[in-house]
């Protein structure tokens, strides 16, 4: 499933590969669907990564994230899956995804997943 | 006593056990009773943990915490006890519970308890 | 029902009845129970009133509000009922009660009820 | 179109019709679709109303608003339309809807629509 | 009692009596004693006044307020009494005193008293 | 000069002309040039208007405001001129433009201009 | 004394005299000297005015305010005096000066002076 | 002197001595007297400690701190002395006291003192 | 291209070369142009550096940054390029540039680039 | 020059030399003069130090800093010079001075200088 979404992510060449530098991307308008209740979930995604050969193109990231709008998927799964797609496509030196979901039943959740490239 | 509450906590399989990742859960509506004065206490609980084989199910956590609503128990005890239950049920790689209680007599308290799995 | 609670409210003489002045009382630790779901509700109550012959004693107000801790009652009803009790006991020249309830299902509510004495 | 959505709104009897009081409802998770670009729009809706014979039931309001999730509709239209549905169903003495939409192209919008019952 | 304190308040000539203008004075370090419990009370006092012939000298106001440090007195009384002293000494065209007291038993209070000169 | 810019503003039909309602538009990325120093000026523009027959199209407003990027013009003039263009094109029932400029020489300015239609 | 300072204030023609509009100017770096203690005073000045024939030039206002850097003068006097100079030079339709001084002895002051042109 | 105050501090058994955990206590209503000027000082005290055999009882801490209300003592001394008393009575594994005093003469101070048990 | 801009950066002698100290410079009014869409981009630049033989002169930095006002350039490139220019001209011991760009399509970006001198 | 200012700094004995503890002093009302433009500069100074044999007396620090009121001196120089004076007089174990200057030309600066005693 997620594999189809992954194809939407585009990249462009990193012009400064000789230097480790950090790119943070905040996407405050993420929404998916709770597979248990059918109710929409909402969250803010923060990507922080050190690019290697390529950078992730922002507009394609936006379009990619919109694919989850009708997708029934749990918090833990969606966070891990999105980071996996991000890493598979851009092969960064390091990448962290922090997903802050809005409260449900008075309880709010933050999931933080990290990837470090094997050297 | 607490043992009965503990049975209410449910878990589900961690689908990403090969990766260390962090789950934060904020519960701003915790309330128990001061055993000395009989007055209600109020606090915000923050769980931060790295799951191992299972994750804690949020709705069951909410129901579990509501059991303290009529329970006479001190700040230090309730914080340690809840972390113990959380750890017993989910066996996380690491877990921290921070409990911020509202002011009493002009004085406010925060209790922070941490568990690290023996490897 | 409410009538029994009302008896808990105590007053003391207003020493400055010749002057219109305002007393605001904020009670951030109000909690009752949703009669539909059985789940606890939480809110912040703000009383603003102009006393006439008597003022409401704060400790008795606290004890009175704690009676709702196990009471199944809707937002609209509890707000109107508490103002009615407050007015019945203290007969203020004016009184407003604003009740800000925490989010449920992503939606939060504020109820504002006002009483103005007939002259 | 909107007419079908309107049927989802439920009401319950106002137990305190002899008194003018105000109910504010904040729905921070509204989302619809821009009919021009096909991109999702996001906003926070604030209803403020004085009920007459009935109050609007919160869960049905949540379900009603979720119907717009896949609906292509402009800011001005959706705000006016939602207030019209709210008024048609609950016939309030007064009602205001304020819709704060998130920035698009660096520009953010707020639409405020008001209804006052004819006496 | 209060009469003795009042003598500490000093004034200086208002050099601009032909114009109505406003002076706000914020005193965040007010403290007195609760006559019931013997516990200290703390509050922030805000004076807003339109001077007539004289203005209140700030240092004397500070010294005056410090007299309440060991004084057992209720919120309502201390607020009215201080405004009375302020008015008696400076005869302002208008004066308001807002006293915001810190929480006691989870409940905080604000008392607002106003004086308007008879013309 | 401004007249040429004005042609860029587009409108669309107000579908709810029977009702007075308010549209606020915040444009935080306005920039022009100080005619005296040649230095860039920056500001946040807030339009608040009640539409009559037409509403102003947001994308055209963005493009219109970008025309000032290389324009040498003073704060007072640019604010009045933009409101004049906005009014000329959309003929609103009421319109206010508030322009908050960033500090220059440690001093910051806000210009507020209002238009009310003659009836 | 102040008269000399006043000469430093410059104006420029109001190009939009047919319209009442408001200019706010915030000067956060005002400093003078307390004539009693010789200690420096600090404040934030906010001018709000409706220009008539002329507007006040910002740079000259900055230079004018700097003249008070070594001037021994009380809060009430400096606020009234500056507004008087501002009005004398620019003859606005309305003008308000709000001066917020930083705390002295734990007490902070705000002076607000208003001028309305005689018609 | 301080020795007498120290006797007021009470403790209770730490039920979880096998675990290092942290207790933070915030006391925003501390006041003492400046020995030089005779003027009251105000501050916020933050205790952070890891209990060993006993915990400090909150009400006794409040009463202990109130003893300083009429005590002439400098910032540095009072902070060190209170930590010394706290440590003497509760023998914590670690303890830090941070005292934030309100501005005097436009200058504010924070004193931070730490104790680490010898092992 | 950038090379021409670089010549605008001026420096002055560091009078304290024997000591490592840090200079932070915040430039909240950076703007360039997106080479893809032709739309203006806006950002806040934060330079943090430890000077060696020279410091960067602030006014020349301002003029240098203004050269990007009409320059079509991507986020990643402009951030790396500006740091390169900054380093080439001032040869600091360490330098970091953090560029926070405003949201585009609901997504905001921060680029952080660091330089450490080879010893 | 600065040497004369230095003599104004007074110290008192550190009564707790056996313990490393930290004193933070915030001086929000620092002002000097730009030697280039003759315009006043404004900043907030934060001293953080671990005293050894003596502590710096606060009132003398205030008087010392006021000497810069008419002094033409650059940001980097004034920050280093003040720390040097502070260290020369009090010989602390460690000391840091952070000077946050207000924006000039839309650009704001923070200088941080640190001293660590040779052991």
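Order of writing sets the labels: A, B, C, D, E, F, G, H, I and J. Residues in every chain begin at 1.
Criterion: a residue touches a chain if its C-beta (ideal position, glycine included) is under 8 Å from a C-beta of that chain, and two chains touch if they have at least 3 such contacts.
Since this is a predicted model, take the numbers as computed values, not measurements.
Participant: Smallest number of touch links from chain A to reach chain E?
Facilitator: When the steps are counted carefully, the minimum from chain A to chain E is 2.
Participant: Sort the other chains by how far their Cα centres are from that of chain A and give me the top one.
Facilitator: Result for max centroid distance from chain A is chain E.
Participant: Which chain pair is joined by more contacting C-beta pairs, C-D or A-C?
Facilitator: C-D
Participant: Would you mind pulling out the distance in Å between where the CA atoms of chain I average out and where those of chain J do?
Facilitator: Between these chains, centre-to-centre, one finds 28 Å.
Participant: With chain centres defined as C-alpha means, what is the inter-centre distance between chain A and chain G in Å?
Facilitator: 53
Participant: Rounded to the nearest whole Å, what is the centre-to-centre distance of chain B and chain J, using the mean of the C-alpha atoms as each centre?
Facilitator: 46
Participant: Residues of chain E that touch two or more other chains: which are they?
Facilitator: 28-29, 39, 42, 102-106
Participant: If we use the touch criterion from the header, which chain pairs count as touching?
Facilitator: Pairs of chains that touch one another: A-B, A-C, A-D, A-I, B-C, B-E, B-H, C-D, C-E, D-F, D-I, E-G, E-H, F-G, F-I, F-J, G-H, G-J, H-J, I-J.
Participant: Would you pull the chain J residues touching chain G in the complex into a rising list?
Facilitator: Those residues of chain J that touch chain G are 28-29, 31, 39-40, 42, 66, 69-70, 102.
Participant: Within the complex, which stretch of chain J touches chain H?
Facilitator: Chain J reaches chain H through residues 14-16, 19-29, 51, 55, 58-59, 61-62.
Participant: Looking at the complex, which residues from chain F come into contact with chain J?
Facilitator: 39, 42, 102-106
Participant: In the complex of these two chains, what residues of chain B are touching chain H?
Facilitator: Residue positions touching the partner: 76-77, 79-80, 103-114.
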